[in-house]
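After this come two complexes, each holding chain A, first together with chain B and then together with chain C.
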Partner chain A sequence: MNNNLVVLPIVIPLLAGAVMIFLREYRRLQRVTGILATGAAAAVAGRLVDLVAREGIQTLQVGGWPAPYGITLVADMLSALLVFTAQIVALACLLYTFDSIGEEHESHYIYPLMQFLLCGVNGSFLTGDIFNLFVFFEVTLIASYVLLALGGMRVQLRESLKYVLINMVASTLFVIAIGYLYGVTGALNMAHLSERVAAAGQGGLLTVVSLLFLIVFGIKAALFLYVWLPDSYSAPPPAVAAIFAALLTKVGIYAIMRTFTLIFYHEPRITHTVMLAMGALTMIFGAMGAVAYWSIRKILAYNVIVSVGFIVFAVGVASRDSLSGALYYLLHDMVAKALIFILGGAIISIAGTDRLREINGLIRYRPMLGWLFFVAALALAGIPPLSGFVGKAMILGSGIESGHVLLAAVGLLSSLLVLYSVMKVFMQSFWGETLLSEDEAHATGKGALLPGSILAALVIGLGLGADWVLAYVDIAAETMVNPVQYIDAVLAAP
Partner chain B sequence: MEAFIIVIAGILVTIGVYMLLSKQLLRIILGTALLTHAAHLTLMAVGGLKKGAPPLLDEAATKYTDPIPQALILTSIVISFALTAFVLVLGYRAYVRIRFEDMQQLKGYEDE
Partner chain C sequence: MRFTNVILQTATKVIVFIILTFALQVLFSGHHNPGGGFVGGLVTASAIILLMLAYDSRTVRDVLPVHFRRLGAFGILIAVLTGCAAMLAGSPFLDQVFSHVELPLIGDMELASAILFDVGVFFTVIGTTMTIISAISEDE
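And then the complex of A and B:
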């Protein structure tokens, strides 16, 4: 099905961002444009989800060139769901940005940069060409570099230097990996690649290339190679950290899911075992970091790492149930991470510090914030009525079924430590004596309530309406276990 | 010919990695530049360096060189150029602000 709708989630933020550059001095107009553009992209993405559910995978041969020769944009259920969730989460983060970011940032292009970031993220989800994936990765990353450094505080400059350098090296490795893959197969289109790799058989050479891809995406997704993440996610303003935590590592996870279900699925004994090991180590180290620190930013950043390990563990198991679980958990994690980063940012802005030992008794005059944080913490750990539970249960169930009992135990234990780490934040900052009186607060923190309630409602809705969401997630898992569907949709399209 | 180019790329990677691991920021940035050169050479070599006319249609040749790696390299060059420009300015700003002399001094954890 050739469908022009597929390109809109990429074009809308791009145009909006370009227009907003000219609106530098008109901050209110920028805000309105941002909300309208992201809302429009969300509407398009919702329509795409609906279309894919009813009519199958939607593709667009850009420029009208038939499949392996031009660039193909592909919206299968996996991409469509991720694009839709990304827009919803971005809307909430945008609402929080309005309140928290301040005039200085607003008149220095923060809203255009956010739109460019979204353009890159949506493009990475929708593209069907491996080199185009690299380009959209770079669009995302360059926007994120500037967002991270914008403001120019000492800590930001220091951490963005490290972040930029490590990502430059990772991008170089990505180019080299694409070069090798092109050398072996002579193809760049993912569906075409999948066909060629299947025809040639995934020999030693292609397995090495696939592991190189795993390393590249592992750096982007903070899978085991996560050392850059805790510091760089602690540096930017809370609204920017929320959008990073919700979207950036998820693009890497998506790339792992896509390449290892579509292209390199022939040697699971090697590639998927490496993935399982990396996932388990990521969970262990992430959980240890989350428990060790007494700073809100660091605890939340390590929580991002834990969930990456958990999802990749599910991708490594690679059964139909575990892939559904992985996607469901990925959707939940985008929402929940944005929620907890926004609320954590509100706490930091009220207290004026992120050191937990200096924050106390906030529940007396911020009860709403407190209970939202409580809900978010339970959702992160996977307590039954909330959204984290269904995905975790599916992943652990399918993990045990396929004999990875030890890894499932690691997953469970990491959930416990995640619960402990976020509860530590909750109990330390909301319970106890009120050290800070109402007038001494550095900010009201009220701006976090609206986006916080929206996201909390989503977290609860995702948990209660699991059956309804799973119907869609199941379609995506179906395509992931049968790559033929994807190949047919791309290569057979008129 | 491919083997020769690959050896050259290997040497570039070796020097690039060595410079990435050094203490001065400027050397690190030069290291990333060398790494991207190596990546582009690899991209050109793995496609196969067959003899043929440059991929321009009016040359009336029977064989052309592969145009795809050239397009990929061109894209990648522009991207890495933008990144290098950004990281140079970022390094300058950080130098002005933090006055660090080597990367060891960019450790965090003091009060900010």
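And then the complex of A and C:
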């Protein structure tokens, strides 16, 4: 059954971005177009979530060419939830961009680029074809290259060079891995691949190919191979960093979840053990980085890495409960990371520096910002009743149940260190003597309050309304555990 | 002006039109034969670059007062909207229709909606290529 709704989250940002290029001089119109487009995409994604819950997986055979020969777009619950959350988070980041980015960026295509980034992100979530996954990765990356370098400050140019080089290597490996996979199985459609791999058995060759995919997605998701992340996420303006932190690594995590639950799930002793080890090391090193630094940008960037490790640990456990936990935590993390990056950006813009030792006593005249940051910090660490808690509890519970007690302990310890690192930011910048008087502040930071409040409300809502969200998450987990559902939806379609 | 420029410029005046004609041929034959919007766009861009080499970019901009970034965006709009038109008719995104018409002199002619998509790609490729080339060749 073809449903054109599935393509809309890709088409809407693409069209909006193209239209905005004509509106270069009209900054206000660009803002309105951005909000309308992302709002529309969010509405479509919400409708998709609802449809998938009631009628099952939605597919679209683009151009009417049937799978596995044509290009298929698939919205199962995993994709639909991620697309929906991505739009909501992007909306908040967009609101923060309006206030913080400045005229120079606005007239240099920042809004079209954000739409193209969203087009790539949504496409990666929705495509049912592994080669198109590569294409949408590239769309996302090319938009992110420009967003990172836009502004042309010395640090941005230096970091974007590294970022581009590393991603080029990863993308080349990605194409090579797809080539091997196609050579062995003769298929590119993910449902078809799943069928073929299951029929032929995942032998040594395919397992090696799957590890190659794990490396590629590991670089993109900052799973163990994260060296590029802390510097390049510290370079761009805060609004751009927020959208990167909330969306980019998540696409890599999604790709790991998709390929290792749909295609390469036959040799968990090898692939999933590697995943568990990478996840654990990522948590340890990420937490060490978060604790060690005294710069807000660096601390937040290392927090991104810790949560990647934690989610992949859950994917590696690969039980139904752990996959539910992984998805729930992924949704939480998109919201929470956007929130804390926006608030961190506001602190940096007020103080004019990101060195923690030079920021003090902001709570005196920015109480709202302070309390929002406090909520965000607790949510990141997983304090009940906020959203982080439910996901963490599910992941740790299923981890211990399946005998990974040591790894669960690593997870717990890393959340403790995360709590320490963000509380350090909170205490240093909001408590203490007020060194900076109000009129000395470099910016008001008020632009962060609206998007911050929206996201904070979401964090609280996700925590308190966990049962309601989990009903949807559970549908996604069920598809991940039974790939047959996905395959039938794609290949049985006329 | 050096003497070699005279040869290049005189030859270019003729060759550019041959290249552009060939580009259109490639664009429209792409439906059934090798070719299409992407290649056609690249060939067209190469004609414009040849003009830039033979003359200079300012002369070319006077002759072709096109904003290449906007041309690229325009191409995206055409291509995507062609895809969306299929949705209005209730068929899947990017689905195409075609029919045959009798034209005087030419005779039977196949008209396919896919050609509109190709034209969009054509503009996008020209716009993007020229933006890249002029970004790395000029100091602004």
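As a working rule, the second predicted complex is superposed on the first by the 494 of 494 C-alpha atoms of A that agree within 3 Å, B and C clash if a C-alpha of one lies under 4 Å from a C-alpha of the other, contacts with A are read in each partner's own complex, and residues count from 1 in each chain.
One rule holds in what follows: a residue touches a chain if its C-beta (ideal position, glycine included) is under 8 Å from a C-beta of that chain, and two chains touch if they have at least 3 such contacts.
Fair warning: this is a prediction, and the values are worked out from it, not measured in the lab.
Within the superposed three-chain model, A:161 lies in touch with chain B and out of touch with chain C [touch as defined at top]. More residues of chain A lie in contact with B than with the other chain of the pair chain B and chain C. By the touch criterion stated above, A:152 is placed in contact with chain B alone, chain C being left untouched.
Looking at the shared chain after the overlay, A:434 reaches neither chain B nor chain C. By the touch criterion defined above, A:138 lies against chain B but remains apart from chain C after alignment on the C-alpha atoms of chain A.
In the superposition on chain A, A:107 makes contact with neither chain B nor chain C.
Contacts of A:14 after superposition: chain C is touched, whereas chain B is not reached. Listing the residues of chain A that touch chain B in their complex gives 131, 134-135, 138, 142, 145-146, 149, 152-155, 157-162, 164-165, 168-169, 171-173, 175-176, 178-180, 182-183, 188, 231. Residues 20, 25, 28-29, 32, 35-36, 38-40, 42-43, 46-48, 68-69, 72, 75-76, 79-80, 82-83, 86-87, 90-91, 93-94, 97-98, 106, 108, 112 of chain B are the ones touching chain A in the complex. Of all the residues in chain A, the ones that touch chain C in their complex are 2, 4, 7, 11, 14-15, 17-19, 21-22, 60-64.
On the side of chain C, the complex with chain A involves touching residues 69-70, 72-74, 76-77, 80-81, 83-84, 87, 91-96.
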